[in-house]
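Going in written order, the chains are labelled A, B, C and D, and every chain counts its residues from 1.
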């Protein structure tokens, strides 16, 4: 499991927070099968609302692309998210008694707003690299969480399925494509000495904030059940 | 051939310019087989550069969507444009001796910049309806040009293929989908009395400007050969 | 103290949350002189970071303006915020031992990010009215808080000065100008029956979210001291 | 007359086009007093419409700023443009029989749209440096035109006043401020080896396109009189 050079470096620079995010109580409890199902369902609803904004952020990546390859990979990602994953999400929720109408009328929690609007605004105000730095924690974090915990096999089918989704070869392939996209995008714009640039510093700052907001997303999921 | 209620009304309000665009000398000459092949090739190159920005404008439509349906249709359009039509375009150009490198190094003409940046800026500064008003002339204009001239069967295979592309059921289906998208989007936001709203007036203004910039795009194609 | 027709209506539709915001424990404690000074200083630092993003949101309002008057009022507001108020803020902080460097190196709290990025994203993705709906709670809320509590005269000079700032005729005049701007902008675009439009519904939703994020901003200020 | 290091370098890289712009027939004829007054008035009307979009582009510069200094200088520029220069423009036009209503109802020419929307879109899609590269030709070009031709003293008072405006110490001071802003912004982000960066290449490309669109703006002014 390797998601490219850039992610590897940027994660290393933010390792403590990265672990707080990917090894969060929510994740541990889910893997241990000690998470309340209610907590998971609350999370699923918020994650549906998250996916809408996340898809928009990837659409913005097309607009901010500076090569045809960047456009193509971003467009495939967008199409996958909107025309496949969101339906999967609706069906998954449906099978646990959350109707499509309930999903659509759900109110975004503040922590959800915080993360999604931070990403979108980073994309609008910044360039392709700024946007990628904001998107990375979500894409690769879930990839790691899936891979790290797939063998824990929680009894709750719902939890197991969730881990399978993000450890699946389909999802890991997306992570791999995105990691190539990002590695190429950084080298293309910043050259091999990218670590000495202002932009690299800025990307690290955005990545860090994004990770902190991911942590708060898990906190929200746990808090919602109280 | 009908592209919905909204387009029908807005076209009627701008009929003189609409005819100057869809019955432009470039179109007439192409159908009559009197267009110089060189003029057509110049146009094709600019149209490739146009497609890049046009795809970005449709990506912005996803970001500006306010319903899931709007996101889905816009995302399908984007994916079709970027992962299929652009390759078709590259192949078509290739078969007439214009290499991929030549395409990618081509310089955007000012008239090309004028139209594409107008559309994108209308999308960035405005909302979904503003963006649709700017995109309509291109989507539906090519649909009409294809349908209106398909029986003229110009001898030049290149010209004939071009007419076939835009009169094809695949392209007409896209026009139909987009027309439903737009009809629904207007009613959803402005209600049935949309004709009495400020936004409708604004949409007409944007549509008009967009048509004028389309006319200049044909002018450019003809001028380039001189 | 009246901030125009539109604010009056939209506030009425969100009165419970509005009171939770403008009569928040932070405000009550400040007026009662029972707020810890440390809590207030933490707030001041975050508010400085807030002002930067808030100024950017008002700059976006210029870009999204559709009349010259809208541009003029927004531009005056931006200039006032950036070239005067931010310096005042720096000086105020300085007089309480918070250096300019400390301010500039301060980290935005998640609740601060949530509110500011929500407003900016509403502006980028939406139009002038969407942006105004997101900005209203801040502009008018502080106006009300200043006016409502000016007679409580807390002993802490810092608290008293803060109340004086927002109850001052200068600040109230800004509120008045902005209220006229918003009343005119709504009538100009939506007409006198604006209450029956989709946009009005959307503005109410944005306003509501914005108020909830303001409440969380106060919560953050209190929590920071723990 | 020197507008900083960055402009000096970028101009040198585009010198042929730069001269076609700053020594355009329109400028030469104006200085020689051989320009038709009608041509000048047509230009003034389009320039008024240009100023609106130009002010919006500078407002976007505030949003895209990454330091407080960048925000402050951009905000001063915006305020100067919107609350002073635009009124001067209205008065100037008024003194030559062009009413405020005529100005506001004037239709933007395609060449005007091309330039302004190119700049705005470069700002929306790009970052602060991209936007500065697009704005430079206008700010500094007029500064040079004013300085280069101030001694030609055309008989037509209107022409003479126009030259005086852009050679005035007030305008030259703005150019100087903006040149410092840009020099600092480039060094801050790209370091001293900026000439070896991808961004520098991109800035040169944007600058070049912007100059070509300025040339077409003069062409438009001359063509309008025919």
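Keep in mind that, in the parts below, a residue touches a chain if its C-beta (ideal position, glycine included) is under 8 Å from a C-beta of that chain, and two chains touch if they have at least 3 such contacts.
Here the structure is a predicted model, which means the values were calculated and not measured.
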{"item": "A-D or A-C, whichever has more C-beta pairs in contact", "value": "A-C"}
{"item": "Far-end chain from chain C, centres as C-alpha averages", "value": "B"}
{"item": "Between chain D and chain C, distance of the C-alpha-averaged centres to the nearest whole Å", "value": "35"}
{"item": "Where chain A and chain C are represented by their mean Cα positions, the distance between them in whole Å", "value": "31"}
{"item": "For chain A paired with chain D, centre-to-centre distance based on mean C-alpha positions, whole Å", "value": "43"}
{"item": "Multi-partner residues of chain A (at least 2 other chains)", "value": "56, 63, 120, 124-125"}
{"item": "Residue ranges of chain D touching chain A (in the complex, touch as defined)", "value": "63-64, 66, 124-127, 130, 188-191, 196-199, 202"}
{"item": "Residue ranges of chain C touching chain A (in the complex, touch as defined)", "value": "56, 108, 110-111, 113-114, 117-118, 120-121, 124-125, 209, 212-213, 216"}
{"item": "Residue numbers on chain D that touch chain C, as the complex places them", "value": "52, 55-56, 59-60, 62-63, 65, 68, 71-72, 75-76, 78-79, 82-83, 86, 104, 120"}
